[in-house]
Structures are given as structure tokens and as C-alpha cells.
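Quick one: structure below, then a few questions.
First chain written, first letter: the chains are A, B, C and D, and each begins at residue 1.
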Amino acid sequence: MSAERGFSQTEVMTVAAARLLRNGAVCFVGIGLPSTAANLARLTHAPEVVLIYESGPIGARPSVLPLSIGDGELSTSADSVVSTPEIFRYWLQGGRIDVGFLGAAQIDRFANINTTTIGPYAKPKVRLPGAGGAPEIAGMAGEVFIVLKQTPRAFVKRLEFITSVGFLGGGDARLRAGLPGKGPTAVITDLGILTPDPVTKELTLTSVHPGVSVDQVRATTSWELKVSDALQTTRAPEASELAALRDLLRRTAEKHGRSEAADA
Amino acid sequence: MSAERGFSQTEVMTVAAARLLRNGAVCFVGIGLPSTAANLARLTHAPEVVLIYESGPIGARPSVLPLSIGDGELSTSADSVVSTPEIFRYWLQGGRIDVGFLGAAQIDRFANINTTTIGPYAKPKVRLPGAGGAPEIAGMAGEVFIVLKQTPRAFVKRLEFITSVGFLGGGDARLRAGLPGKGPTAVITDLGILTPDPVTKELTLTSVHPGVSVDQVRATTSWELKVSDALQTTRAPEASELAALRDLLRRTAEKHGRSEAADA
Amino acid sequence: MARIASLREAVGELIRDGDVVALEGFTHLIPHAAGHELIRQGRKDLTLVRMTPDLIYDQLIGMGCARKLIFSWAGNPGVGSLHRFRDAVEHQWPRPLEIEEHSHADMANAYVAGASNLPFAILRGYVGSDLPQHNDRIRFIRCPFTGEELAAVPALRPDVAIVHAQKADRQGNVLLWGILGVQKEAVLAARRAIVTVEEIVDDLRPWPNACVLPRWVISAVCHVPGGAHPSYAQGYTERDNRFYGEWDGISRSRETFTAWMKRHVLDTANFEQFKRVFAASTGREAA
Amino acid sequence: MARIASLREAVGELIRDGDVVALEGFTHLIPHAAGHELIRQGRKDLTLVRMTPDLIYDQLIGMGCARKLIFSWAGNPGVGSLHRFRDAVEHQWPRPLEIEEHSHADMANAYVAGASNLPFAILRGYVGSDLPQHNDRIRFIRCPFTGEELAAVPALRPDVAIVHAQKADRQGNVLLWGILGVQKEAVLAARRAIVTVEEIVDDLRPWPNACVLPRWVISAVCHVPGGAHPSYAQGYTERDNRFYGEWDGISRSRETFTAWMKRHVLDTANFEQFKRVFAASTGREAA
């Protein structure tokens, strides 16, 4: 945490991601950073956001962050708990999701993501967990927010494996592939926010977090990063946002009995 | 009702049909005669029979006969009530039904049935209710029992419309069509029981009910009816079977407030 | 997001002449009151969709509201024929009725495909049946793995689905239970959805894995106690089996049918008035 | 028809070397005790199927029970990698592990197809993803009505499904609730099914439309209280989140893994003994 600013880079990332979620949106949430940001939104400006987890809960309102996608409180706090096939068939594929909130191990300049392998698929250097729900979330949600920390190993020039699709080769490639929805409209990192160029769909740095330099973002991106002419500085987290986030993380740690419970 | 025998033709039909259902069988039940026979079986020799109705109940144990396929007691007495799509997908198509119990408006010598139209489809003389669940019950159940009253208009030489399949053109035609299960193994009427010839699959009179002559059955069948060399006489309903049936119908009439509630 | 509205408003605003409308409910929870309101408001040229057209579709067809019927079993359960449906099909009265006919398994799967935003469903069905010869929306495809042939049917995507349920809360979340039929699938397959309910409560208090339709998939919730009559709502009303029998007589002739519809539906302003007239004409309560 | 049996008997009689076995449970109700019993009985050459292989599959893979894994997400939820899974894929230890990899939506649909006795499922999926290039069981077909292209995947039909549930009655009917995952579909898709339960009661007393698996689709019901540990059974036990964290350390090296498995699984006769050893080694209860 930066002493003079009073918040960490992870905190500003989480708050920035949470702010993007409009009140009333129906949001398909992955565990980890996406779940932290989505629940922070729900506890601050977006009390009517509808959180859907792939394990079955629709309209979950957990009092603490789930450590897993199937934690009991997701179920007991939800409007409805349906089977996992129903979640994927009637709700995600059904076209009822406004926002898919994803994490990623690696991302390229067109917001395609890899969560499968580092190195060749048949002989991986690092075997990652795999697809999970991401390919169809990325394909079917109205729009997609991606949250991950910005490092050269994560923001790569060329993905060795595309697990889930962003804008493919850019331009109208996604549209031509027949995918509904807008695709990834924001990538929120610990350093700033990247959004796709309206025409080329290449990720462009449109906001840097307070105290972060453009050079810092460039240095942690393996491709030659485009920077917006209208680059903004992310509004610093409000005291109320920080208080809500910290309170959520404190309650979560107490409940789960370990401090690393929440990875935000 | 025949005074000297002490039971009606409808009663002996219902009892004969009920007896065919073995204890523990999983039975997909249509409303009307099939439901009466299946519930009589459950209340007499087959307490462990599992009755499934297309509206959703699995393991229904109604105290009175349902007037409709969706009566409330089917639901409250069942082991489980699932959605109608689940009934047709996981349970019927899933191959979990031992016996499909059907009624019919018309039947031919290969036990194909018509419940769609009398007269041409586009200009029907009589418009019947249509297929309902029957085409897939007839196709997917392990075996099929068909219950209907024997009249020349019902037992026809050639169906103008095949709604649900028996043995198609006979012989191995059903097998060649790729249908699982044995098809209709018994047609139970108010006069006797017809079963398919093992080779030709043509319906053959194998049992006449007490007091019924073969000529009577022939006269109510529009094709030249085959009669088994080993023709039997249906065992007369036991006092206990008749008592259970009449008690069921009396309770049903009281519950539904009208005597025509049960059509058996 | 669901808004709480009168049935008159909901039908007036959400259903247009020519719409494809599915009123579902498998014997249980049939939205009869909503059907009456369609008749009162004189909706025309509707394509009506329903697995088991029963009395309410007989009424809509007999009153000339429908251009086409998509169905799988059209009868008066446990009683016999639907006379108005038959008169329309056999004698084109009061107007010709186009029919598109399926099996239950097909329609149930077609609703699932609609709810799942798939263009079609596959099923093991129709082998040896003559139905596919009369309905070109039943086709056959091969499994890309085993080569097996399976029936394929297009998804059902009605403009409007109407269902009846036991409870809603004040936000418009809906809880139903008992025989669920295809109601959830019909609501999710449709562009707009109207739900009539027995009761509106502060808190639904659903049990685990209860069938809840969230407020944001419903267009309007209408408080219409007894609105399933002569069908029923488990825990609230009993099925009026006698009326199903009586309908056979009422609907047998065009004259008695027309007179009954005028007195009970056209000349009543809403379902509350219908219930009063029904009680007066039968000597018993409609729900 | 389900019979009530010990877990040792059920695994001994119903699962053979080389079987395709699905242990399902989406974070909730994971049948860990049954997985331990497979290891104790030394089952080999299994094809393991599971949407989210977690600790129990890490253990089965690390102990050399599996020849192949069919999955969609293999990680320690909220913690990180499955080290034994990675060691098998990256270094073929203790034996090579063939993998067949899908997405969640695909596997969920494939279980539905299996439960529905269909040879394949269709879904809107995989567009732009590299997965189909590495898995020829993901294909594409055209809608016979609209011409749209859709993904097609073969049905999952395991030899055996194993799930954990809250309750059974003495006839073997099973009730589960909360996060249901794909358990019902897995049981119905499989040829044989084993259900471990928290409790066996005289009367299930299910609420309306509860998720009940009838006795006649289950091969054996085994009374194994806490048998989901470190997963949980809603209403009975809490998820042991600490153990998920600790597993990261235990499983990181082959040596600590092997020692842990020997002490906790190979050297214990059943789940009751496992619970005692676990309590001794951690100072807390396993469920």
C-alpha cells in the first residue's frame, strides 16, 4: 500500500472494476478478483446487481466472499439455485447475462485470453487449470470485463493458446464469427484500464490509476501498448469504497479462518 | 354388468390389464383406462410399481383416480415432481420406462395406433385430440400395453393416420426402424387379450374374457382376426380385485363429485 | 424488470394482434383469467401455442381470436372433445384455423431449446409416425459422432408467454410449485412474459432449489386470485372438475357457447366480475 | 433398486479397473470418501470424468489410479494449481495421463445428453477457441432450419457415477439440496450409481419439487457422514477451507504427498479411521 495515497494497487483495481458494473446489471461472476469486484459493487453503488455463479446461484448476496464457486452462502443467500446445466443453458446461452466478469492468466492485444497452457498444448511448460466457464461467458455475455494484474508474462504479444475469445484478430473479426455481444469492453488491471479501440478493437490504455505512469504500464505490457489521446487518471477510491472493500475482506478472512481467503 | 358372472366387461378388462403390470415395474401412465388399470395394480399385487405421469410426478400414489394428468394429488403423493421436459428427456427418452400404458382411438393388426384424425388429415371427418406423449412412449418404453374397447370402428383394417407406432408393417420392421424395446406386447380389450405373433407381429387373440365367444371378438374386429391355437380364457376377476377396483372408483366419484369421473 | 399491473393493463400493453402467444400450465396453473382478458380485449390473428389446448383455448378459438394453433394434444381431459376446436378444424367456424401439430416430447424439447437460445432441439421421436409428413417443422438429422438419425424440431420462441403461479413478492419475483409443466421454459423462451398469481407477499421464502422466476425475466405480474379456474393452484384452489364436464354441454353448440361467453366474459369487466357471474349461474364459487 | 451397503462393498462390487468413473459435486457435496476408497482398493486404469477435478482427483491421479482425465477446469479453487495433476501432465508422474479437455458449458450439456439418452448435445460454444483443435470430440453441425453453425459434443455416459448427498431413506431414495451442480445428470447418465449420504432416515419428507433421486436409478447408498470433507454438505458440515490451503503444501512434492496419502488413506481402513487420523494430524475435525 502506498502510504501517501492510502490504498494499494490491488484496491484501486478492485474499486475501478466494481465501478464499471451498473446497478441492476445481470452479472456472471468468476471466483477471485471478479467476485470481489462484483460484490463490492453490490455493497456500494449497485445494490440491485444480480450475481450469477456457474455453480447454480442466481441473485446471490453473500455476506462474505466465497472462497469457491460453490460456497454454501452463495446458495442460501440467492433468489434461486438451479442446476449447473440450467445455468449454462437457460441463463448464459439464453442470452440473459449483461456482464461476464472474468479473470485470466494471459491476455493479448485483442483481449483474447489463455487459461490453458504455457508452452505447447501437448507438452506444456505450465499446465493451467483450463477453460472452465470462460469460453461461453466470453462468447455469450452482453459485454465482458476482464480483471488481472499487469505483468509482461500476462500481457503477451501472442498467445500460444486462445482459450476464450476477445476480438480474435481485431476489427470486425468477432462480429464476423457470429458472436453476440460487445466482447471485452474493459480490462482492469492494478495499473490502469484498457479499452478496445472502437475500430481496430486493439486494447488501448484509457486510464491510469493515481500515481501510475504510462511508462510503468508500457513496461509491463509485452506488446507496444497504444495509449489514448484522452488518457485519464482513474478517480481515486473514495473512503466509503475502501471502507466497504476492507470490511468485506476482513469479514471474509474471519469467516474462512485465513487471511489469504480473498485474493484482492 | 352380467348378473350371473358378477362383473362387467369393463371390469374384467381393467383387472386383466392391471394383472400384466409386474410389481416394481416403472410405468408411464396415460389418463383414463391406463391410469385406472395401473393404479389397480398398485393397490393389489404390485404395491411397488412406480407410476410416472407426463405432467411430472414420479412414483405417484394417488388415493383416488386423477381426472386429469395434472391433478394435485399426483403431485403431493409422488416421490418427486419434475418438469415436463425432464419427464420426456431424462425419464422416457432416458430409457427408464419398463411399461408404457396407452389408450387409443383406433388400432390396426400390427398395433399401430391413431389418435389424430378420422378421414384425411387436411379435411378430417373427426378431429381427434392428437399425439400427446404417445409417439415417444410407443417408441421408447421397454414394452407397451394398449387398453381400449373392442369395436369395428376402433379395430380397423388400415389406419388412415399412424400417430404412434406398434410394429409398423410387422415382422422385424420395428427393429429395423431402430426402435428400442419390445413394442406393444399386449392389447387388452373388454372382450379379450391380443398379443403379437412372435414372428409376424400380427395381433393374435390369445385370451377371451369369461363368457365371451371368439365370434364376438371376430365380429368387433375389422380385419380377419388370427386366433391362437392355445386360446385361453381370462381368469375371472377375484373378489379382492373387484373390491379394490370398485372401492377405487367409488372414492374417485366421491372426491370428484361426479360418477363419470372414472371411465372404467 | 417485472412491474405489478392489473391484468387489463398487462394484456393491453404487452400483447398485440398477430402475436405468437403461449398460455402454458399442464392441467395445473392454467392462466384462464388471462385468456378471458385476451377475449375481452378482442385480440385477433393470434398464433396460439400450447401443449394441451384445453378449455381456455377452446374459448379463444371459438371467439375467433386465433389464426393458427401450435399444439400436441387438444382435448378436454377425462371428458372428451374440444368442440370449438373441432368446429374450427372441421368446419372453419368462426374462421379457418391453421394447425401445426407436434408430440408432447417434441414441444417440451422445443420450449427447452427456446429457453436455451438454440435454434432447434434434437430428440428420439416420431419414428414410424405420420406426423412428420404433415409438418415440415419436424426434420431428421444425423449425429456427427455415431451417425444415428434423430428428430430435429425448431425452437419455440413465442412473443409472449402467460402463466399462472402461486406467489409473487413485491419486486415481482415469482414462486411456483407442484406440477410445473413447461411454464419456466415457456417464460424463458418468450420475448415478454405475464404471470398471474394467487397472492403477492412481502417475502417469498422459497425452500431450497424451489422454482423461482426472477423479477428480471418477467414483464408484468398481475394479482388474480383464482385466475386458473377451472384449473387450480396447488395450495390455494381445487380443480373444478364439474365445470370441465359442464363445458362439454356448453361448448357443443355454437349458440350455447356464444351465449355463455357473452354472459361470463364479454359482459364482465374483469375476473372478479366473472367469478360473481359464475357463482350466480352455477351456484358454486369459481375458485 | 438401491441397496444400503458399506462404501467398501459398493466400490468393491460396482467399480472395476478400466471403468469410466465420474465423481461429481460442484464444490459442494464432492464425494471425497468414495475417492479414498477407490485408492484404498487400488483401482487402476480409470478414466476419470469431472467438470472441476479438485483435491480428490489430485489424489487419485497422484496415486496412479487414472489413465485418462475428462475435465473442464482443474485447479484448487481459490488457492492455485493441482500439483499432482500438473506433475502427471507435465512430467508423466507417476504415470502418463491422457487428457480430454472441454469447457464447463460443454460438459454440462454432455451430461444432459447422457441423462437424456441422446448420442450428442448441441451448444453455442467454442467460437474462436483453440480447444476444438486439440479435441476431436468437439465438432460443429448446422441447424436444419436456420443453417446456423453450432458446437456438437458427444454425450457423457460413465460406467459409474458417484455423488454425495444429504439424505437417503431406508429404501434408498436420495434427497439433495443447495448447489446441485451436475449430480442428477451424472447419476442418470451413468450405468451404475453410488451415493454416499450424511444420514439415512425413515422418511425423506421432501418439499415440493425437491431434487430426489428415486431408489431405482441408484445401485448403492452408503452411509458416510462427513464423506464430502474437505468439501461440505449444506445443512450438515462446513467446507474445510483451511485444508484446501494446506493441500497446496502437502501436494507440492511427491514425497510429502505420498507420505500424507499413506498415513491418511492407505493406512486407514475406512473413512471413520481417516477422520480420526486427520483429527490427530491437524488438530481439527474432518467434518
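Methods note: contacts are C-beta pairs under 8 Å (C-beta built on N, C-alpha and C of every residue); 3 or more make two chains touch, one makes a residue touch a chain.
This one's a predicted model, so the numbers in the text were calculated from it and none came from an experiment.
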Point to revise | Which of A-D and B-D has more C-beta pairs touching across its chains | key: A-D
Exercise for review: Compute the distance, rounded to whole Å, between the mean C-alpha positions of subunit A and subunit B.
Suggested key: 58
Point to revise | Computed distance of Cα centres, subunit D from subunit A, in Å | key: 28
Review point. Counting in whole Å, what is the centre-to-centre distance of subunit C and subunit D, each centre being its mean C-alpha position?
Key: 41
Review point. Among the residues of subunit B, which are close enough to touch at least two other chains?
Key: 75, 81-82, 89, 93
Review point. In subunit D, which residues are in touch with two or more of the other chains?
Key: 112, 117-118, 123-124, 148, 178, 180, 184-185, 208-211, 234
Practice item. By the touch definition up top, name every chain pair that qualifies. Key: A-C, A-D, B-C, B-D, C-D
Point to revise | In the complex with subunit A, residue positions of subunit D that touch it | key: 26-28, 51-52, 71-75, 77-78, 81-82, 85-86, 89-90, 101-105, 108-109, 111-112, 123-131, 134, 148-149, 178-182, 184-185, 232, 234, 238-239, 241-242, 244-245
**Study point:** Parts of subunit C lying in touch with subunit D, wherever the complex brings them together
**Key:** 117-120, 122-124, 137, 139, 141, 143-146, 148, 150, 152, 154, 177-178, 180, 207-211, 234
**Study point:** Touching residues (chain side subunit B, partner subunit D) in the complex
**Key:** 24, 26, 50, 58-59, 75, 79-82, 89-90, 93-96
Point to revise | List of subunit A residues in touch with subunit D within their complex | key: 31-32, 54-57, 67-72, 74-76, 81-85, 87-89, 92-93, 112, 116, 121-122, 124-127, 129-136, 139-140, 161-165, 168, 174, 177-179, 256-258, 260-261, 263
Review point. Tell me, which parts of subunit C touch subunit A in their complex?
Key: 1, 112, 115-118, 173, 185, 188, 206, 208-212, 214, 216-217
